[in-house]
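This report refers to the structure that appears directly beneath it.
We just call them A, B, C, D, E and F in the order they show up, numbering each chain from 1.
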Amino acid sequence: MDKHARTLLVIIAEAALEKRLVADSQRLGAQGYTVHDVRGGSRLSVRESLWEADRSIEMKVIASPEVADAIARHVMGSYAPHYGLTLYFADVDVIRPEKF
Amino acid sequence: MIDVVVLFFLLGVFARLVKSDLRLPEALYETLSIYLLLAIGLKGGIELSKQPMLALLPQMLACMALGFAIPLVLTPVLRLLGLSRVDAAAMAAHYGSVSVVTFAVASAYLAAQGVSAEPHAALWVAIMEAPGIVAGILLARLGARGADGQAQRVNWGELAHDVFFGKSVLLLAGGLVIGAVMGEAGTAPIAPVFMAPFKGVLALFLLELGLVAGGRLGELRRYGLRIVVFALVTPPVLALGGALTGLALGLSTGGMAILATLAASASYIAAPTAMRMAVPEANAALSITAALGITFPFNIVLGVPLYLQMARWLNPGA
Amino acid sequence: MIDVVVLFFLLGVFARLVKSDLRLPEALYETLSIYLLLAIGLKGGIELSKQPMLALLPQMLACMALGFAIPLVLTPVLRLLGLSRVDAAAMAAHYGSVSVVTFAVASAYLAAQGVSAEPHAALWVAIMEAPGIVAGILLARLGARGADGQAQRVNWGELAHDVFFGKSVLLLAGGLVIGAVMGEAGTAPIAPVFMAPFKGVLALFLLELGLVAGGRLGELRRYGLRIVVFALVTPPVLALGGALTGLALGLSTGGMAILATLAASASYIAAPTAMRMAVPEANAALSITAALGITFPFNIVLGVPLYLQMARWLNPGA
Amino acid sequence: MIDVVVLFFLLGVFARLVKSDLRLPEALYETLSIYLLLAIGLKGGIELSKQPMLALLPQMLACMALGFAIPLVLTPVLRLLGLSRVDAAAMAAHYGSVSVVTFAVASAYLAAQGVSAEPHAALWVAIMEAPGIVAGILLARLGARGADGQAQRVNWGELAHDVFFGKSVLLLAGGLVIGAVMGEAGTAPIAPVFMAPFKGVLALFLLELGLVAGGRLGELRRYGLRIVVFALVTPPVLALGGALTGLALGLSTGGMAILATLAASASYIAAPTAMRMAVPEANAALSITAALGITFPFNIVLGVPLYLQMARWLNPGA
Amino acid sequence: MDKHARTLLVIIAEAALEKRLVADSQRLGAQGYTVHDVRGGSRLSVRESLWEADRSIEMKVIASPEVADAIARHVMGSYAPHYGLTLYFADVDVIRPEKF
Amino acid sequence: MDKHARTLLVIIAEAALEKRLVADSQRLGAQGYTVHDVRGGSRLSVRESLWEADRSIEMKVIASPEVADAIARHVMGSYAPHYGLTLYFADVDVIRPEKF
């Protein structure tokens, strides 16, 4: 089974950003995305997902390092200043390279 | 006498203050809010089906103007209190818009007091959701030019879409239309779900809102006394404006009390969502703490009875 | 006059078409569908408790045969329309099985029209869930031999288990049994939950289904006009078959309309799940788009009244 | 005649045994349990508002003592059955505390039999949640000294907090207070949600508990016959203790049956949570399998009618 | 604290596959699994989790590289042709090597 | 875009531990956390999240390797003996190093 290196970009953010994050990452070259609801906190604030304005999501995108970087750069520039948001990169291997 | 639904709110606040592990599932929160919006819309729509729409036009325009005017008045006040321009405008937008649950509590209170109001009042709620938000965004954006021009532009098309087709306006308006089209007889088969249980569901929703509001109380220290004072003094002042508007429109005493309540209430569904999209640099926690942590409890516990008194004073003949 | 619950469906479709952010939580969707299945089963079971089971045997066999026959007829038609064998058989299975909500809408419509039907009709629903699915799978699998033999084998034991003990048959049958065992008096204490609120809950579920169906409309373009035509023409034709079966069984006019509706309706719970397991290479989106995006709205808006007319024509004496 | 709600429990067990895919969403489970706790509290509170609190003091003290005493008796028995000290004490704590749903089933059964009980019985439930848990923890901890002293210390402050402000006591007590403060008239507007639907909601909750309990049956083999025997024999014995306590307190026959049921019932909400925190080294699956997999079904199917008989024998004059 | 290298296999798939994926991975040697509900999309389709046929899950298995490979190979062969499905591998460290 | 190496610590545990895990990790130096509900199983038990005592959570903490190790050590010492619990480490890259 051949494996191909890709980058996993994980973005944890206010739920209000979900639609934009999906649209932006597709525009910047991601071929897919996966989202689920989370709760969490940092020194800045606690988000418990008790109600609407308090919901957070985690979005995963598997992509080439370049695309992941482009998405991360855009997200950091556009949203990080004003929204609760955390992102990180990890190295992963995929099997069908053309999908990512 | 305090209404039973208010005790559920206080139970929620209490649970939060004593750090209970009580949590309502988020799916329940969403379900209850969908239910309340639909039920309020339906009730108003059924009444609308009984009267000529055209006669309501003046009321509708006045509601719109009232909602739009509130942020114009409040923003300068908030700036004087030391808030930045965007924070002031965003907070003002919350008060320009309305709280559907405060409306529901006021309606229940009037019913319990035997005071009748215009039965199509739900129409006012639907109309007053948006104008205050629009005014707030305009105030935050107009004259704003920053280092990064991009973040300052508002996509008005997208915003209008998000407000008018947003959950709350859509469900309220949808309920209104269905109620108006089907009338009392046509909606009778669904009445056992949307009418009789209304107050019990409201009680559950207030339990949930009590949990949320209780959680905001801890934030008060962060923002200082001026916010507390603002959130307590503003509602009665706005209520006076609402009641006077009602008087000018020739509303019943109950109707004046409802319009006073709507003016005094602060949105915690549509406004926070819209502000997060259109004015993201505003401090969202600050607005929500004031609107949901102070103004909302004040209104449902003390404000609503006070606004009915106010309406009675202004309209002694009725 | 259109039924109020149908307006909730249209509100859902509208919300979706205007890209509203309205979403019902998935837990609510599941809860409502569990409720509807139980309530329909209970209602049917209470009626069953009032009559001799043996007399129903012919009806039960006829329902089974009807469900099984539908895919046998539809699969060749769909192949003529250009679908692959598995896609044709899978789609046909959806039409062979039934839609519980379409049944509920038809029952409500009959009640509103003052037309009575056999009160144990829920039994027909429970019986007609499975045979069409089995027929569809047989058609997809028989004579199939592919490069990888493995994927072609059907695990009939597992499949039978998944259909008979699957959520929908289990809850329907469970409700039937509980209703039959306890009767009207025994179920009286739970009637305030399972009887009076039924139509209001159905309205909420149709709001949700409207959101889902609205989302499928965008897919129509992908599959072309032939699917739209198929999904619109098939229901009345199947309804005729159902109505004639009802006539042969000596059902009441209302019962004929119900059986016509069941024949005309396409499953969107049991069938998609079973097909995903047994015929995974079939295009699931295609079947669901036809069943839920076109046939379902057609049936609840136009089909049901039409099928009642049909039953009246066929059974003028009644 | 078996109560209809019990059939829903059996349907859930059946679904689980045949490995059906039926699942109630977790949000529904939470919602139903919140509802039941609030509704039971409200009902009890409305009755409390009708009588002098002071007269109830002896009952309240007796309930507390009864709950505390049960683990003192059961722990040695369980040690004789071969359980470790902590496992024995933890299991005993479950039986010292109470099952709110068993109480609800018993109340419904009495009502169906036309037997009246003290209407403030919900107060007993709220009082009996905690003492058994405290006793169980003391038994697990006292005299315990292990290699790692740290894990052996109990943070009593935290634990008291978790029990008294935990979901179940908070909602029960909150409902009691709201009911007592507002009385029958004040709670009338929310009665359509909290009163009439009670038994239907209980039926749904029992369906869910049936699914959970059915899942535990598979674990029985792991723990052996002695646990099965214990979980079947203990409830009637405890019930006798409860009934005699009721007799001593001068309760009505119905009240004795309720107190017997409370003594016989085993907690599956408050106790497991508290034990997980305070006695984590105890085998949680073992306790839950006994409490929910055996004792709970036994009580609702056979126990409750038996305990009413018991009360009648002991109190023939009434 | 000794750490031991293992492979994390993440499978994102239609919810209909959950029962099978769990059974298959246990049969192929996995000692545990973790699942949660997600929504997502790709160029092929959008799955919003609005209703039953539209639900997706994410399953995580921590295992030896060999077991992870065996599971991935089986999943790619049996399900990828006909189901919406994405999988990837990542290197992780665990503390109790005997558990994985 | 500068990237900075950090450690991602993932803890899968009984839901009863959530409050403690959050408090402990903050005390040991984590600046944030993210949690979501999961279901899962191992050779020891199956946790389906059907009801309260059966719920599990997954907690993610991004931190320096030292902090991640300290949290893991504490969790293994305090909870692993008596609770269903799995944890693993992964290497990730972040953009704002001061946040983690």
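Criterion: contacts are C-beta pairs under 8 Å (C-beta built on N, C-alpha and C of every residue); 3 or more make two chains touch, one makes a residue touch a chain.
Treat the numbers as computed from the prediction; the structure is a model and nothing was measured.
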Chains touching both chain A and chain E: F
Most remote chain, CA-based centroid, reference being chain D: A
Most widely separated chain from chain C, with each centre as the mean of CA atoms: F
Interface composition of copies chain B and chain C: same or different, split at half: different
Chain centre separation in whole Å, for chain E relative to chain D (CA means): 40
Cα-centroid distance, chain B relative to chain E, in whole angstrom: 45
Sites on chain E at which at least two other chains make contact: 36-37, 90-91
For chain D, residues that touch 2 or more chains besides their own: 23-27, 30
Chains touching one another, given as label pairs in label order: A-B, A-E, A-F, B-C, B-D, C-D, C-E, D-F, E-F
Residue numbers on chain F that touch chain A, as the complex places them: 1, 3, 6, 8, 22, 31-36, 62, 90-96, 99
Touch list for chain A against partner chain B, complex: 14, 16, 37, 45, 48-55, 78-79, 81-83
Of chain D, residues touching chain C in the complex: 1, 4-5, 7-8, 11, 14-15, 18-28, 108, 112, 196-197, 199-201, 203-204
Contact footprint of chain F on chain D as seen in their complex: 23-24, 26, 29-30, 151, 208, 211-212, 215, 268-269, 272-273, 276-277, 280-281, 284-285, 288
Touch list for chain E against partner chain A, complex: 10, 12, 36-43, 56, 58, 69, 72-73, 76, 80, 86-91
